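Next up, some structures in C-alpha cells.
Paired with chain B in one complex and with chain C in the other, chain A is shared by the two complexes that follow.
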Partner chain A sequence: MRTGHFKERTGQLVALSDSKVVWSFVALLFALALVAPFVLGNYQVTLLVSTLIAIVGAVGLNMLTGTTGLISLGQAGFLAVGAYTNAILMMDFGWPFWLSLPAAGVVAALISILVGVPSLRLKGLYLAITTLAFAFIINHVILYAEWLTHGPNGIFVSGAKLFGFDIQKGKPLYYTALGVAAIVVFAALNIQRSRIGRAWMAIRDHDIAARVMGVDLVRYKLLAFMVSSFIVGIAGALISLQIRFVNIDVFALILSIEALAIVILGGLGSIAGAILGAIFLSLLPEAIRLFFETFSDTNSSFYTTYVYEIRGITYGVVIIAFLRLKPEGLIGLWRDIRKYWSNWPLAY
Partner chain B sequence: MKKTLFALAAALLASTAAYAQDPGVSDTEIKIGDVNIMTGPASFIGKAVSVGSKIAAAEINEAGGVNGRKITVVTEDDGYVPARSFQALTKLIEVDGIFALNGTSGTANVLAMMPLIEENNLPTVVTTAPNELVYNPVRPSVFTVGASYSDAFYGQLKYIHENMKVENPVYGLIRQDDDFGASIEHGYDRAIKEFGVKEGPRIRFKKGTANYAAEMAQMKQAGVNVLANGGIIAGAANILGEARKLDMDLQIASVWSEDMPPSVNLSAPAGYDYLVADYVALDGPAIDAFMEKARKYASEDEVAAINRYTYLTYVGLHALAEGMKRCGKELTRACTIEQLRGLKDFDTQGVSAPISFDNEKQLSGTALKIYQLNSKDKTFKTLQDFTQY
Partner chain C sequence: MDFFLLLVATGLVSGAAYGLIAMGFALIFKSTGVVNFAQGELVMLTAYISFSLYTTFDLSFFPLMLVTIPISMLIGLVLERLFIRPMLGEPIFAIVMVTVGLAVILRGVTIMIWGPDPFNFNAGIPTEVVYVGSVPFYPAQLYLIGALAVMTFAGWAFLRFSRMGIAMRAVAANETAALLVGISVSRIHAVAWMLSAAIASVAGVLFAANFKLAPDLWFQGLKSFPAVILGGLDSVIGSAAAGLIIGLIENLFQGYVGQGLREISGFIVIVIVLMVRPYGLFGSKDIERV
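Now for the complex of A and B:
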C-alpha cells in the first residue's frame, strides 16, 4: 500500500507528472480522442468539436481568473475579436488559416492591453464590470466599423484548408480543434509551473505580499491578460471555423457568464478542472435532452409548450446542486475519487 | 478482370444512388425539421412557430398525408443563439435525418445554419426571418416567405403621408443598430426621399435598451409627429411610454411584431393607435377558419400561444408539402426544390397573400396589409389590403 508520494530527484520536480499511471491515463484518453470520430456519428463529433473549443476558451479564462485571480466578464468580447480577426483575414485579405489562426490570438492579446492597463488597480467586482464594459465596446465597434467588420451583416467563413484538407467540417475540423486544444493545454500546464505561473498564483493569493516578494504586479497582470486573451482569441477563431459565419449575435454577453461558470464548476485555478468543466457544461444540455426524449412523449402538447423551459430549469438546477454539494468543483470530486482509490481499502 | 469488377461495382453504386431516397423519407413518413426559439425571452415566437407546424402537419396528415406519407415535425430549441442553431440543425440532419426544414429562428440564426442547409441541399422554407441577407444572394434550396422590413416601413409611412393628413409633418426614426434596424432605415430613407418631407432625428439604439427618455426628448425637441418606431415588444412599448410622458402627438409606423398579443398588451396603455404592416392576415374569415382548425388539432395551451408566427409556419409547411406532393412517390430533395421553384399563386386560404416562388429571389408573400391598433379594445382594423410596395 502506498503511504505517500515523495519526489527525490530534480527531474521529478520539473516533470509535468512523474506518475506512470497519470501518463498512461493521458495516453489512453488521447488515443480515445484520436479514434472517436471513427466510432461516433457526425453529430456527436460536432458536439466534441464544440467541447474542444470550450476547453480552449476555458483554459484561457482559467489563466486569468483561476490562476491570477482576476475576474473577467469580457470573454465574449475576446472571442468576438478572435473570430472576426480570423474571418476578416481569411475572407477579405486571403490569408491562409494557419496564419490567420495565430493572428487571431495576437490581435486579441494586443487588444487585451487596452483593457489590462486601466484595470491594473482594480480587482473583484470592479474588474468584472470593467471587463464587461470592454465586451460592450467591442460589440459597438464591430457594429459600427462596417468598412472592416461588415457591421451587422456578419461574415461567412469558407475555404479554410490545412495540408490540403477542408478543415471546416467532419474529421479534419475535429482533429484541428483537438490539436489546438492539446497544444493550449500543454502550454498552459507548462506556463503554470514556470516563474510566470507562480507569480500569477502569488498575485491571486495576496497581491501585496507578492509585490513584497519582488513580483512586478503591472507586468504580470498585463501578461495574464495577454496570455489569457491570446488563447481565448484562438477559441474565437475556431468558433468562426466551425459555425462558418460570424455575426455579433454569435458572441452574446451570456457567453462570458457561461465561460466563468465553466471555470468555477470545473474548479478555479486548475487546468484539469477547466477541461472537466468545459466537458460537463457542453454536454449537460445534451444529456438533459436525451433524458427528456427518453422519458416523455415528443408528440405531446407538453413537448411543444413546456419541455424546453423545463430543460433550461433542469440545467440551472443541476449546476446549483453541484456547486452546493461540491463547492470545489469537478476537480474536487476527481481528487476525492483518486484519494479513495489510492487509500483503498482504508479509504474513509 | 479487375477492371470489369470495378466497373460492375461502380455501376451498382451508381444505380443504388439513383434509386436511393433522400434522408427523412420512408414509405410512410416524411420528417420535417424546425429549429426555433423555445427558451428565453423570445420563446413566445418559437412556441407559436411550433404550434403552426403542428396544426399544418395534423391537417395534412388527416387529409391523407403527402402522397400517403405522414408528416412528422421534429423541433429543436436554439434559445435564439446562432451557435446553438448550427448545433440544432446538425442534430436534426445527422441524428433525426430530416428531409426538409420549415422553422429557422431569427436572421443571424438562419445565416449560421446556411452553410449546412446548402451543403445538404436541404429544402428550406424561411417564414420568420425574411431579411434580405437570407435571400440575397439566393441559395438554391432556400425559399423565403415574407416582406422586407424596408417595404413594411415604407408602406406604413406612405399610408400616413397619403391618408392621415398630418399637419406640418416632421418624420423621425428610432431603430436598433443591427441588420434589422438597417433594413427599417432603408424603407424610411425611401419614404423621406419620395415624399420630400421634413426630417427629424435618426436615432440608433442597442438591442435590449430599456430606457428611451433621452431619445424621445430629442424627438420631441425636433417636433417629430410621424415616428418610425423600430423598437420591438418591450422596447417599442417603452418608446411609446416615453412619448406619452412627453405628451407627443404622433402617427406611428411599427414593426410587425407589434401586432402580437404580448406586444399589444405592453404598448396599448400608452394610448397610441399605431400602424403595423404585416404579410399575414390578423383578422377576417381566414383567421376565424384557422382558429377553428387550431382548436381541433392543438391543445388549449397551444392555442393560447398562437400569434402571427403560427400563421406563417402553417403557410410555410403547406407550401413545402405542396412542393413535395408534386414530386409524386419518388420524393427527393432535388425534386422538391425544383417543384417549389415552380410554385405559383399557391392558395393559403387567405392567411397570407398567395405564395409564388417562381422568381429570381425565390421570395414570396411580399405583399403587405396595413392595420391600425385600437388601443382601447386592443384590436386591429385593416386599413389597406395586401399591396406590393
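Now for the complex of A and C:
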C-alpha cells in the first residue's frame, strides 16, 4: 500500500498519472504495439487493426455516453458519415488522406449539431430514441443522395497514401490506425481532465446542479456531441480504409449496439475502460469462432450460417451479464483487483 | 380520388400494425418506466411461434390466437422474471440497456430456430378480396384494423374499470405511494410484460398474415417508435391512435412526395414531435426543462 503520498497542488490532482509505474507500463505497451506486426501473421494484424479502430470509436462514444451521460443509439450513423466523407473526398475529389481524415471528423461533428440541437431538451430514453431516428435518417439520405454517395452502389476506396506508403494494407495500415488511436486516446485523456471534461461529468451527475454552478448546458452538451462525433467520424474514415468498399449495409443498427456494448463492458466514463472493452469485444468473436472450429465440421457450418446471429447473441449476453454482475465494467474489475492486491491481507 | 382512398386504406392497415406494437411499448413504459427495446423482437418471436402452431395443428384464426396469446403471455412473464426483475432498483439506463441486449438475443435465437428464409403465413384467415365502398381489402387487412379497435377498447376498459388496471395506473403515477397503499408493484410489472407480450403476438400474427413472416419482422418494432413518441410514451390509447396517424403520413408521403421518404417520414415526425411537444399528443406533461 502506498503511504506518505500527498497531493498538495491542483496540478497534482488533475495530472494524468503521477506514478512512474503507470507511465512505464504505458510505454512498454506502446513498444509492444510497435513491434507487434513484425511478430504476428497477416490475419492477426488485420484483427489488431479492427481492434484499434474499435478503440477510437469507443473512446468517442464514451465521451458522450460515459462522461456526459447522453445515451446515443446512433453511432452507426456517425460512423457512416465519417466513412462516406472520407471515401467521397478521396475517390471523387482526389483529396489526400491526411486532409480527408480530419475532414471526415469535421463533417461528422457538423452533422452532430443537427442531432444535438433538437436533443438539447431531451434526456435519457427520449434522447436514445432521437439518436436512433437520426441514424436511420442518415442511412436513408446516404442511400438516396446518389449524386453524392453513389447510393446503393457503394464506393471503392483505394490508393490511400501517407508519407508515400500505401496505407490500406498490412503494416502501414496498422501503424496508421495505431497512430490515430494513440493521438485520440491522449487527446481524450487530456480533454477529460480539463474544465470541459469536468463540466461534462457535472452534467452527467446532476444537470441542474451543474447549471447552478455555472456550466452552460447548451454549450457543453453540444460540445460533447461534436467532440464525440468528430472522433467517431475519424473511426469511420479508418473503417473505410480497412474494408475498402464503403456500403450502407456495413453501418447497420447492430454496430451502434456493439459500440454501446463496448462502452458498458469497459466501464462507463473511463477511457481505459473503453480501450479494454474494445479489445475484449473485438477478440470475443474470434474466440467464439475458434471454439466452433475446434469442434466438429457440423458445428463449423452452423457457425458460418448464423455468424451474425451468434455475434449478436454474444453482444446481448455480454451487455446483460455485465449490467447484472459488474455494472462498473472491466475497469471496475481491474480496480477491485488492484485494491485487493495493495491492501492484502486486509479486506479494505 | 381513388388513388387517395387507396393510400388512406393501406395507410390505415400499416398504421394499425404500428398502433398495436406501440401499445405494447406504452403499456410497459407506463407501468415500469422502461422503454422495452425488445418489443419488436417479442412481436417476431410470438409470430414465429404462432406460425409453428399453425403448421402443426392447422387451426383457423381465432383458435390460433386462443393458443398463441397464453403462450406469448407466458413468454412475457418468463422474460420479465429472468431479465428485468433482477435489475429492480438499478438505474433506468441499465434496465433499458438490458432490453437492448435482450433484443439482439431474441432476434438471434429466433433466426437460428426458424432459419433466415421468409414464410408465407396466412394465419387461417380467408384470402378473397372484400370491398368496403369502392376500396378493395384483403380480409387480413380488415382483421388487423379490427384487432386495433378491439385492443384499444379492451385496453381502455382494462385501465379504466378493472382493479388490476387501476393499480397499474397508480404504479405509473407514483410507485412509492402505490407500494404504500398495498399494491404489489413487482406483480404489476409482471402483468404489464404479460399483456404487452399478448398485444405483441396479435400484432405479429396479423402483420405476418398481411405481409410475410420474415426475419426482419423485428424492425417493425423500431418503425413503431414514431407512433409511441407521437402518442406520448405513457399513453396506451394515444399510441394506438398515433399508430394510425403515422401509417397515414407514411403512405401519403410515399404516394405524393417520393418513394424513399416512406421509410424515414416517421422518424422525421419523431424529431419534430420531440422538438415541439416532447410528451406527445396524449402523454402526461412532466418533462423538466433545464
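The rule we apply is simple: the second predicted complex is superposed on the first by the 305 of 348 C-alpha atoms of A that agree within 3 Å, B and C clash if a C-alpha of one lies under 4 Å from a C-alpha of the other, contacts with A are read in each partner's own complex, and residues count from 1 in each chain.
In this section, a contact is a pair of C-beta atoms (placed from the backbone, for glycine too) under 8 Å apart; a residue touches a chain by one contact, two chains touch by 3 or more.
Being a predicted model, the structure only gives us computed values, none of them experimental.
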Please work out whether A:V250 is in contact with chain B alone, chain C alone, both, or neither, and reply first, second, both or neither. first
Going by the contact rule set out at the top, does A:Y144 touch chain B (first), chain C (second), both, or neither? both
Who does A:L323 touch here: chain B (first), chain C (second), both, or neither? second
For A:I129, is the partner it touches chain B (first), chain C (second), both, or none of the two (neither)? second
Based on the superposed arrangement, let me know which partner A:G312 touches: chain B (first), chain C (second), both, or neither? both
Partner chain(s) touched by A:Y340 [first = chain B, second = chain C, both, neither]: neither
Check whether A:N153 is in contact with chain B, with chain C, with both or with neither, and answer first, second, both or neither. first
Residues of chain A that lie at the interface with chain B and also at the interface with chain C: 140, 143-144, 254, 305-306, 308-309, 312
For chain C, which residues count as touching chain A in their complex? 35, 83, 86-87, 90, 92-94, 96-98, 100-105, 107-109, 111-112, 116, 222, 225-226, 229, 233, 260, 263-264, 267-268, 270-271, 274-275, 278, 287, 289-290
If you look only at chain A, which of its residues touch chain B in the complex? 41-43, 46-47, 50, 139-140, 143-144, 151-154, 156, 158, 168-169, 239, 242-245, 247-250, 252, 254, 298, 301, 303-306, 308-309, 311-312
Complex contacts: residues of chain A adjacent to chain C: 71, 73, 118-119, 121-122, 124-126, 128-130, 132-134, 136-137, 140-141, 143-144, 207-208, 211, 217, 253-254, 257, 260-261, 264, 305-306, 308-310, 312-313, 315-320, 323-324, 327
Sites on chain B touched by chain A in the complex: 38-40, 43, 46-47, 50-51, 54, 74-75, 77, 79, 81-83, 86-87, 90-91, 93-95, 106, 108-109, 111-112, 114-115, 119, 133, 177-182, 206, 298-299, 301-302, 305
